[in-house]
Amino acid sequence: MAQLFEFEKPIAELVVRIAEIQKFSADKGIDLSQEVATLEKKVALLKKEIYGNLEPWQKVQIARHSERPNFYDYAPLLFEDFTELKGDRLFADDRSVAGGIALFHGIVVTVIAQVKGKDTKENIKRNFGMPHPEGYRKAVRLMDQAEKFGRPILTFIDTPGAACDLGAEERGQGEAIARCLLAMSGYHVPVISTVIGEGGSGGALALGAGNVLLMLENSFYSVIAPESCASILWKDTTKAKEAAAALKFTAQDLLRLGVADELVRESQGGAHNNLNQTADELSQVISKYLIRLRSESPEVLREKRYEKLRTIGFFHETADINLTKDLT
Amino acid sequence: MFKDIFRKTKYVTIKSGQMQNRTPSEVSMQGEVVGISKKELPDGLWVKCPKCGEVLFNKDIEENARVCTTCEHHFRISANARLALLVDENSFEEWDAELTTLDSLEFPGYEEKLIEAQEKSGMTEGILTGRARIEDIPFVVAINEASFMMGSMGSVVGEKIARAIERAIELRLPVVIFSTSGGARMQEGILSLYQMAKTSAALGKLAENRLLYISVLTDPTFGGVTASYASLGDIMISEPNALIGFTGPRVIKQTMRQELPKGAQTAEFNQEHGLIDLIVARTQMRSVLARLLRYHQEGAQYGATV
Amino acid sequence: MFKDIFRKTKYVTIKSGQMQNRTPSEVSMQGEVVGISKKELPDGLWVKCPKCGEVLFNKDIEENARVCTTCEHHFRISANARLALLVDENSFEEWDAELTTLDSLEFPGYEEKLIEAQEKSGMTEGILTGRARIEDIPFVVAINEASFMMGSMGSVVGEKIARAIERAIELRLPVVIFSTSGGARMQEGILSLYQMAKTSAALGKLAENRLLYISVLTDPTFGGVTASYASLGDIMISEPNALIGFTGPRVIKQTMRQELPKGAQTAEFNQEHGLIDLIVARTQMRSVLARLLRYHQEGAQYGATV
Amino acid sequence: MAQLFEFEKPIAELVVRIAEIQKFSADKGIDLSQEVATLEKKVALLKKEIYGNLEPWQKVQIARHSERPNFYDYAPLLFEDFTELKGDRLFADDRSVAGGIALFHGIVVTVIAQVKGKDTKENIKRNFGMPHPEGYRKAVRLMDQAEKFGRPILTFIDTPGAACDLGAEERGQGEAIARCLLAMSGYHVPVISTVIGEGGSGGALALGAGNVLLMLENSFYSVIAPESCASILWKDTTKAKEAAAALKFTAQDLLRLGVADELVRESQGGAHNNLNQTADELSQVISKYLIRLRSESPEVLREKRYEKLRTIGFFHETADINLTKDLT
């Protein structure tokens, strides 16, 4: 069984009790089906109650769940075919970023995805899903190719953030991310980005500035990791829970802030509980937007992408109106 | 939670015209953030160089663009002081000074920090934008202010940069941005993060219009600013010894248990790694920029004589 | 010295229709250059795998695309054999077979080498070009011939590639080039060197026309070919274990006194260093190319359903 | 005095004899001015004879002369100003390739040059003028910038060849050179390339596929180093002299072959004997071509560059005419 979170324990306890009652019922030959039915109803209610009211920190835990489906789990369910293409043509192939050409609902698309590992060995290979500059440069190379051949681009975001080691600094991590943002802003093809797990800071944004941003309902997307935020605000990384609330980074927050366009329903309790069901939801939502974007002209696609980015952010526009204290 | 987005906030008033009446030296003192306690040097007449340790006459380094006269250490300076050093007298026309920040996430302590930053910097937000001239060549300029929440980029900084770039396109002028920043501003969450995309996209439009963009990196430039507008210059310039990187050295040490080698993330390190075209001392900045701007004036195309 | 440029040279005659009458297996034997002495395996029934050492029925590996049935070692094959494995039956239309080499520099021993190469390869020059189909999808194909002076590129190879690309543009077809080459051909001096520029420029025109170019690297690809058309694929494919590089390992060793690590310059090494998209076994090549060609057929743009 | 070649010794001996006679004449108070004049005339004739009939191998020696002027020697004489711009934005700044913006006869140009060192220390810094992939990628970056801003491009070739070590292989030396060739073929600005010393193979060609190719008269430009050629042909690197003749790689050969467009006169005996004079010749020839190319439209510049490359190479076009021996 999947790893259980603290907040899921009341459900698990009920489930265990139901199993005990059923066993007792079978052993003793006593009909307890009514009690079991009542309890099962209670489980359903409890699930709805708990999973329907998850706090930001609980969503972080689900988004980071060790069994949370990664891009390679979704790929065979989303695509009729996925041909992976490797390398940045400059330095290395970064295995925390997968890219290639896929067939999606009969449409040829270019796919770029961040990939975390499922275990320690794979995580080392994929640098825990933290791309180096070569990962972003591979992304730009493949997206440029999509633009050349008029293919829509689908990106999938799932990273704690960009790699933060000496090698990343030496090879221009900042430059690599900035080039992604610049490149993506110029394309004439549809770009649909989906946060499928963790959207960690600039390293996530590099693949996120498309025409449409979708988010799985338990994913989050933040300017800073809640632990780092807590460390800066309260000098205490254990206050990550409070930081998670302050940062307003859940899928629901981003929808309200006008950054995300639509949320994708996950199977109850998180995508790991039913991969097929979640993949199916994801497939339908992406397809809906892809069909919508296909009807736009290349120039309009580009212009609308720009307009979308241009309107993100809030501020006061009129001088003096908010200034109440004199400096002098 | 978002119902109060258009609610009024309590900020410091900076009277219109107030900045213009200050002398460059007053302004630069305002922005000085090098770690010299007031106790140590109470009268403001002296300043100790953090690099060579020399105690210097404030007046002397003031006359030397706030560069140490002994070791050429570049003291941090305010946006206004930099402007005064850089552009032709009376040539600066400020844009969008009226844009001020909204605490749209109601982030703990943000309002207080904003008031503090305004008091400390004498600016309404962490960047100054407008048009100016160097040796009579017109250009659009933006300068980060380090003493305003470490020059971090929130909605206002992103918006002011994007507007400045868009106006540069309308006016067909080149753009020079001086960066000094800790990165995206945490207190505006995802909204800050997307200012990276906004400013980069605006620079994409500038490039499409074949207008020059010079990015000048000053100490320190990190995080989301390095990962957006600061890294996208046609020409990348840095002041000597400025620290520039994506992840700060402390975070690298904590996260990766990796101690950076001596000299890592300096301008010189970045240049060795192919990321910077030119390292230019502050005292030379005006003349180097003048030359580069002149070489990119309209009419220099296809081999016309300039 | 150049007075004889248009002088006739003595070359092997390859009768028209001669190639067509051969079976793929005869053709591939012709091109086999793996170091097995005839003495060792006199009857041609057997072949020893240079990788795993297994002695194999020639017939068995012939049926397996000349890939070792034990260790999957890819034996080198001739251009014609590759063509037979790859394209739809009777779909190949050869182009520019009449182009032959001029010893314009009167280079010592060149004419003899050309005659030898023609006898060995059964081809007039080191590359085969034309149009063909895979799973009924039309495309332009070029295949280097290793047994013709190590597939080296002189004026004819460069010209045939450039013409094939230019015709692909006229016909609006994608291009697939299989490389195997020691590099530019010494015996034509600077003229060979500039075939690198010629082929690269032609690919520039192809790219401008948004037509697909797939480069397939086979063992070995080095020098001027790696530094021109072979490295410019929209999609870069290699056969497993093929040696690919700019400078050959022996030269690196001699020049730099540097011993390359085990596995250096293999397809896998190149892929790890970001230079190759896909490593595809010869037995899978046809189906992978078919898929990629289909995805790039005209009409697949802007999200049309294919 | 500069390093002397074997073939220059007859000249040097005469010069020494003149000096001796002059000293003798001064010491003894005997007038030998007529003898001196005769000998000086003989020196002039000998120089003309020797320098006017240099063999290919002798030109190689001059082109590789340790005091042969490199790009940094010419730069202050050719340009009113040269602002060097560094780095490939990806990995490193390669110091065997210099690039930047310069003012040439009042025209803003982009300059790319290969640079050998003048001594061991500088040669180590500049990898003996052998660029790594980062050098070629810097070149492409700066040439792309020239295209963006409509600046003519001047390249200067002086390299034994591209770097041939493990690092170069790892970072895609072949790809880097090929990208240079591809990029250069697409520009709409004038591209003028000059071989100022050694033009070594693909590593030189990467900067050589412009609208116009100029060569200093003692430079050479070859598909392969004569030593390597001798090693392959005769298994004997000491036969480099013979290989040098066979390869037809001198400036004069390339002019005849239609690859070079014009030769630039050097000061007698080689550019190292009079830098100013050679720089002046170079400046005039480049200027002449630049003025000519400036009058062409961007599209024509690009098309003519393509046409030039397209016509390099000789072959027989008609089938059968040269086939005299039957295979069967």
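Should a chain be cited, it is by its letter among A, B, C and D, assigned in written order, with residues numbered from 1 in that chain.
Please note the rule applied: contacts are C-beta pairs under 8 Å (C-beta built on N, C-alpha and C of every residue); 3 or more make two chains touch, one makes a residue touch a chain.
Being a predicted model, the structure only gives us computed values, none of them experimental.
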item: Which of C-D and B-D has more C-beta contact pairs; value: C-D
item: Most remote chain, CA-based centroid, reference being subunit A; value: D
item: Computed distance of Cα centres, subunit D from subunit B, in Å; value: 44
item: Length of the line joining the C-alpha centres of subunit A and subunit D, rounded to whole Å; value: 55
item: Rounded Å distance between subunit C and subunit D, as computed from the means of their C-alpha atoms; value: 33
item: Interface hub residues of subunit C, defined as touching at least two other chains; value: 207, 273-275
item: Residues of subunit A touching at least two other chains; value: 89-91, 171-172, 175
item: Overall pattern in which the protein chains touch one another (line/ring/star/complete/other); value: other
item: Complex contacts: residues of subunit B adjacent to subunit D; value: 207, 210, 212, 234-236, 271-278, 288, 291-292, 295-296, 300-306
item: List of subunit D residues in touch with subunit C within their complex; value: 162, 164-166, 168-175, 177-179, 181-182, 184-186, 201-202, 205-206, 208-209, 221-224, 228-229, 232-233, 246-249, 253-254, 256-257, 259, 305-306, 309-310, 312-328
item: Of all residues in subunit D, those that touch subunit B in their complex; value: 81, 83-93, 101, 103, 105-109, 134, 138, 145, 148-152, 189-190, 290, 293-294, 298
item: Residues on subunit C engaged by subunit D in the complex (per definition of touch); value: 1-2, 5, 8-16, 18, 97-102, 104-105, 107-109, 115, 118-119, 122, 124, 154-156, 158-159, 162, 183-186, 188-198, 200-205, 207-208, 223-224, 226-232, 245-247, 251-252, 255-256, 258, 260-261, 264-265, 273-275
item: List of subunit D residues in touch with subunit A within their complex; value: 89-91, 133, 137, 170-172, 175
